[in-house]
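A, B, C, D, E and F label the chains in the order they appear, each numbered from 1.
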């Protein structure tokens, strides 16, 4: 019996969408307002979902406290109240679009989970825009 | 790396569930209050989710502004503040159940997307009732 | 010690904003899309809040079940799955704007409450637009 | 055309996570605060999703009223305002973790549905923690 | 310039509504399902709102971290994962209705705030039922 | 009959809490993580509520479209996708705490409303932290 457990978390961050190797004009054309050189920001909401067999001893797939602690160490402590472009090494050479952020978060959490588990991460950039990645 | 981007939108509409070729009694029996001949209505909430590869240049699967514009042209401009039975040709001979509406919306958005993308549409008729269609 | 108890409820209805004694042009100018002659509709969400002293015997201001039953009889049974303009006598000669609806709902609930209680009603026409009335 | 219809419901219950065959110390170590011998509780929110072909006659996959009634009889009437450990026979010898509850709910609803339908159940223990089961 | 700052928090607890000095029959009549002798429970959501002048030095009415810490010490640490009737001395002789709980929480937070501030507390017993108290 | 109409809006922005005339140490002590020199950001949600008499001709207190347009011109066009400290003149010499932002927004909207109306503005910095100002 495979069950999925999901945990919601959040962090606040500034970012700017642009490529250093493009002209200002091209960045403006592709990224519009998101290319504000002074940055803008979001309250990112995150749902991490782990799928696995129920442990017959505990009745848990995974103690949600373990998942909560991984999210804290790998996401909140690294991204919260930060400028993604300037403060987070993962985005030194990577444009912090929602798509790229969700892949980074997936990889960070996946590396801390037993390989027997499947993982899916949903990242809300706003309540109206969100992205999903499950390593496929 | 396949990522899903999702966009939330909404429209308000009146509708009535019934079949012209059934008696009033049969319509009442099957559709109950939803068969009010004077119509009732909903704030429909919509989530359109597009799955594809991340473009390595932009970091986008698809600029969410493009998805937003497709939803505006194909759904909001056509359905918002309308009577689905009387004002929207798609439902001239189709009972506007949530199931039928979500298929129509899926087909309208899918036709405007590059065929390399997969699409899923969720339609909330109320916060407690919703339907999902992904073309399968 | 005055405490306020609040109860959330909802109903779905069709409506049209217009005045019979105005021309089509004037109705269109003032009410825009809301003047669709075929109606449109909403999932109305309602919060009724009753303020009074805590009964020292029960620890209740008012058993919330009583408030729930009043809302059912006076609002849900009368408005749900209805066309406000055509099916609800309160709006026979009254334009069903959110403002007018909330006053009608306030009056209907207030008439069933002991006069020692104060009442406030919030009516959400959409998650983004709402109105509040407290009889002042 | 396979469409999924989803219905949201809720119940309030008390529970305690522990195993009778473990020592207090081991229960405390594994279940922490959730092992309070006097119980704690939750507002459980539930989403039951049924997938099937659209009936070409009615435009329904399944009348959502039928799904609502099954949820009422099989979940709300059995679990609401109850102590899961003491009042609900399903948990007489089963630790009421969110994972175990969602499997029980899935089995209860599945048994009442035509076998042609697929079912998925999401159970929110809190707005931040939830589990999903689809019988796989 | 008086501004109100609000902080949302939550705790999970079991409770039972009844009076020791009433018969089972009277308790059942007045409190219905809420009088389950084995308890039931809720995810209580809390909004504490503090009103005062903006400090011209900091731009804060009150550092929200101070409010968060008061809520943690006075509410979450005392009520979370507890049985309100059995584990929380405040309810030893007080029926834990939402009305009585919100007054207790108000008094606990108010006692830790500078007397220059006004306080209002909203307590959600469920997403549909909530109570408000502001010391009047 | 005085009714309140409310409109929800939103904008995304970066900001940093600090005073130019304080040392880094003092800014860190008072503003903590919010003093990140590279900025962080939020999805700000806004509710503007206007109170007045119902116009007996239209049934409106104020056409919500007018309120929506004022919010767009005075708040969204000025603050959205901006760095509050660097891009918005209102905060050139004013620390952009939630309290100061809500007062600025109140003043901007109030100046565009007929003086017969009362105004209240709620500003959510996160779903858990918000502030309210009504000009008192």
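Methods note: a contact is a pair of C-beta atoms (placed from the backbone, for glycine too) under 8 Å apart; a residue touches a chain by one contact, two chains touch by 3 or more.
From a predicted model like this one, the values you see are computed outputs, not experimental measurements.
Minimum number of contact steps separating chain B from chain C: 1. Of the chain pairs listed in B-D, A-F or A-D, the one whose interface repeats that of B-C (more than half of its contact pairs identical by residue number) is A-F.
Chain E and chain F have centres, each the mean of its CA atoms, that are 29 Å apart. Centroid to centroid, with C-alpha atoms defining each point, chain C and chain D lie 34 Å apart. Of all residues in chain C, those that touch two or more other chains are 127. Across the assembly, chains come into contact as A-B, A-D, A-F, B-C, B-D, C-E, C-F, D-E, E-F. Of all residues in chain B, only 10, 12-15, 33-34, 36, 38-43, 80-83, 86-87, 126-127 touch chain C in the complex they form.
The touching residues of chain C, when paired with chain E in their complex, are 1-9, 49, 54, 57-61, 63-65.
Of all residues in chain D, only 17, 19, 30, 32, 94-100, 102-103, 127-133, 136 touch chain A in the complex they form.
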